[in-house]
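Same chain, two partners: chain A is paired with chain B first, then with chain C.
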Partner chain A sequence: MASEFQITISQQQGRVPVTVFHIEGDVIDVNSYEQLEAQARTAFEAGARNLLLDMTKVKYISSAGLRALHAIFVMLRADTPSESDETMKKGLMDGSFKSPHLKLLNPSPAVLETLRVMGFDMFLEVHRNLKDAIASF
Partner chain B sequence: MQTSYLLHITAELKNLNQIRNFVETSATALGFELDVIPNVQLAVDEVATNVMLHGYRGQGGTLEIEIERVGGDLIVRLRDEAAPFDPTTVPAPNLTLPLANRPIGGLGVYLVRRAMDQVYHRVTSTGGNELTLVKHGAGEKK
Partner chain C sequence: MMGDVCGKGVGAALFMTLFRIRIRASANVTHFTDSVPPPAAAESALVDDEATLKSTITLTNNYVARTHRRASMFASLFLGLLNPATGSLLYVNGGHEAPLILGPAGVKTYLEPTGPVVGIFPNMEFKIQQAQLDPGDILLAFTDGVTDALNPAGEMFTRERLAGLLEQPFLSASALLQQIETDLRAHVAGADQFDDITIMAVGRTPGPAG
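Coming up: the complex of A and B.
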């Protein structure tokens, strides 16, 4: 049986408030991606602007999960007029752009490989421990 | 010694977990390394999901998954009775486009191609699809 998908949320404080989604479910797939997106949207509407996804327990992520990550990335950008599309495009091309608002904690090698194959490592920072992750925002 | 495993299942989203478990159990029993199994699970998940959502349009239908070892290769065959659709003809997504401008879709098929070494499609004698996924020399447990 798959572990049931649910997200435990904690609020952390670094230089800025950071909302952490501890994902309790071993896959982010077509059956769980909507829940991830919905909870991110709820947090955003409640004022969250910096989101760390704790992927420690996630064994793998399918294309549906990647679409959720992309949607969350786009949503968190909507409120930041100072980060223009041009700046992002240039940064993506030269490898200097990483989302300042959406980051990942401890993805497994399999998840990291999927992210890398689809180019998501180009715009998402990965951290190995919570303290460093919070401090990076 | 068993060299192939077969699963008959209804193509419904709620069965994806069972399908993934089948891949893990079969591949392990066939002596493949645990590090390649997530890639194979991912590919099978993507194909099965597409059969469910696009092939059968959410109405369900039969899905047969065969996992076989031939020499050092892991071969997965997925067979359905949906209308013929060749995913190998789906163009690769343009990953250089700014994210906001990338069209949605095509990611799943691309992932399958990246996760596996070869992907073949053919129309079966009953007018359905058979998709063959091959992983070469997937690190063997000695």
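Coming up: the complex of A and C.
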């Protein structure tokens, strides 16, 4: 059965400050996506601009969970030329654009497959260890 | 056509309605016009069908992504145009679980996504692909409510179990649907249903190719 959804938050310093959400629940679905989105919004309002989602323990993400990822991606998108609509559109098409502000750590094969089917791998970068992930921001 | 809007509840249901209206309106504009087209070669009909699919998914995607961008709502969408005379299937798959074509010896091909889910970003590219439904073949489409259905122990039905089920031959589309439903019910065994389940099968009558 699904374990309780909780997020432990840590702050890391790479070239820029990175907020890490360690997701403790094993499911991001219709029962938990609002919490994820709300906590990301709270962090954003407190000044967080770069967010790494540690998905190590997440076994399953539903479309509602992906909706939260999309909403967080939109929230973190900065008003800069490198992230203009035109640059992003071109980059999404040729594979050169990934969100510089929202990245994933250690998604499971099942979560990766969901991301692939729904096209979310197009704009979300995936990392396999924390150090490299922090350094990539 | 098969689609699945993200999320649950009234909000998701309203978006499903919106998607349906946009898709049908866009498809009708280009496909079901009042004027009778001049007799055209099969090739040019194919080009028309391709244009219909392309404009339908593009218009729907751009409308949702632009008008409702703050809602972060999207849908997976499989749109196919089947020519019943030739078995030619033109399709576009926006982030939907891959439908498949089942032949006498099992799965012949998976109709993998040709673009992302519909509505996340405007101006996305959705590729149109072609597949063939031979006499006796069955096209099977389903939502992730099938593969993700949980049993009382919290275990999913899984893509693998569905694929295993498809290794046996099926005499008809309805026999296939029945078998999937039976297996799914046995797996779920009365556990609470958390996602909607949709399955569609289209069979081409066995016999000489038309």
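Just so we're on the same page, the second predicted complex is superposed on the first by the 131 of 137 C-alpha atoms of A that agree within 3 Å, B and C clash if a C-alpha of one lies under 4 Å from a C-alpha of the other, contacts with A are read in each partner's own complex, and residues count from 1 in each chain.
Quick note on the criterion: a contact is a pair of C-beta atoms (placed from the backbone, for glycine too) under 8 Å apart; a residue touches a chain by one contact, two chains touch by 3 or more.
Please read all numbers here as calculations on a predicted model, not as lab measurements.
Chemist: Please determine, from the superposition on chain A, whether chain B and chain C clash or fit.
Modeler: clash
Chemist: Looking at A:Lys98 after the superposition, I want to know if it touches chain B, chain C, both of them or none. Which is it: first, second, both, neither?
Modeler: Neither chain B nor chain C is touched by A:Lys98.
Chemist: After superposition on the shared chain, which partner residues are touched by A:Arg41: those of chain B (first), chain C (second), both, or neither?
Modeler: Neither: A:Arg41 stays clear of chain B and chain C.
Chemist: Is A:His22 in contact with chain B, with chain C, with both, or with neither (first, second, both, neither)?
Modeler: A:His22: touches no partner chain.
Chemist: In the overlay, answer first, second, both or neither for which of chain B and chain C A:Arg49 touches.
Modeler: neither
Chemist: So, does A:Lys57 touch the first partner chain B, the second partner chain C, both, or neither?
Modeler: A:Lys57: touches no partner chain.
Chemist: On chain A, what residues does chain B touch that chain C touches as well?
Modeler: On chain A, the overlap between the chain B and chain C contacts is residues 1-2, 29-30, 60, 62-64, 66-67, 70, 74, 85, 88-89, 92, 117-119.
Chemist: For the complex, which residues does chain C have touching chain A?
Modeler: Touching chain A from chain C are residues 4-8, 69-70, 72-74, 76, 94-98, 113, 115-117, 120-125, 144, 148, 153-154, 156, 194-195.
Chemist: Could you pull out which chain A residues touch chain B in their complex?
Modeler: Against chain B, the touching part of chain A is residues 1-2, 27, 29-31, 59-60, 62-64, 66-67, 70, 73-74, 85, 88-89, 92, 109-110, 113-114, 117-119, 123.
Chemist: Residues of chain B touching chain A in their complex?
Modeler: Those residues of chain B that touch chain A are 13-14, 16-17, 20, 35, 38-39, 41-42, 45-46, 49, 53, 95, 98-100, 104, 107-108, 110-111, 114-115.
Chemist: Where on chain A is chain C touching in the complex?
Modeler: 1-2, 29-30, 33, 60, 62-64, 66-68, 70-71, 74, 85, 88-89, 92-93, 116-120, 122
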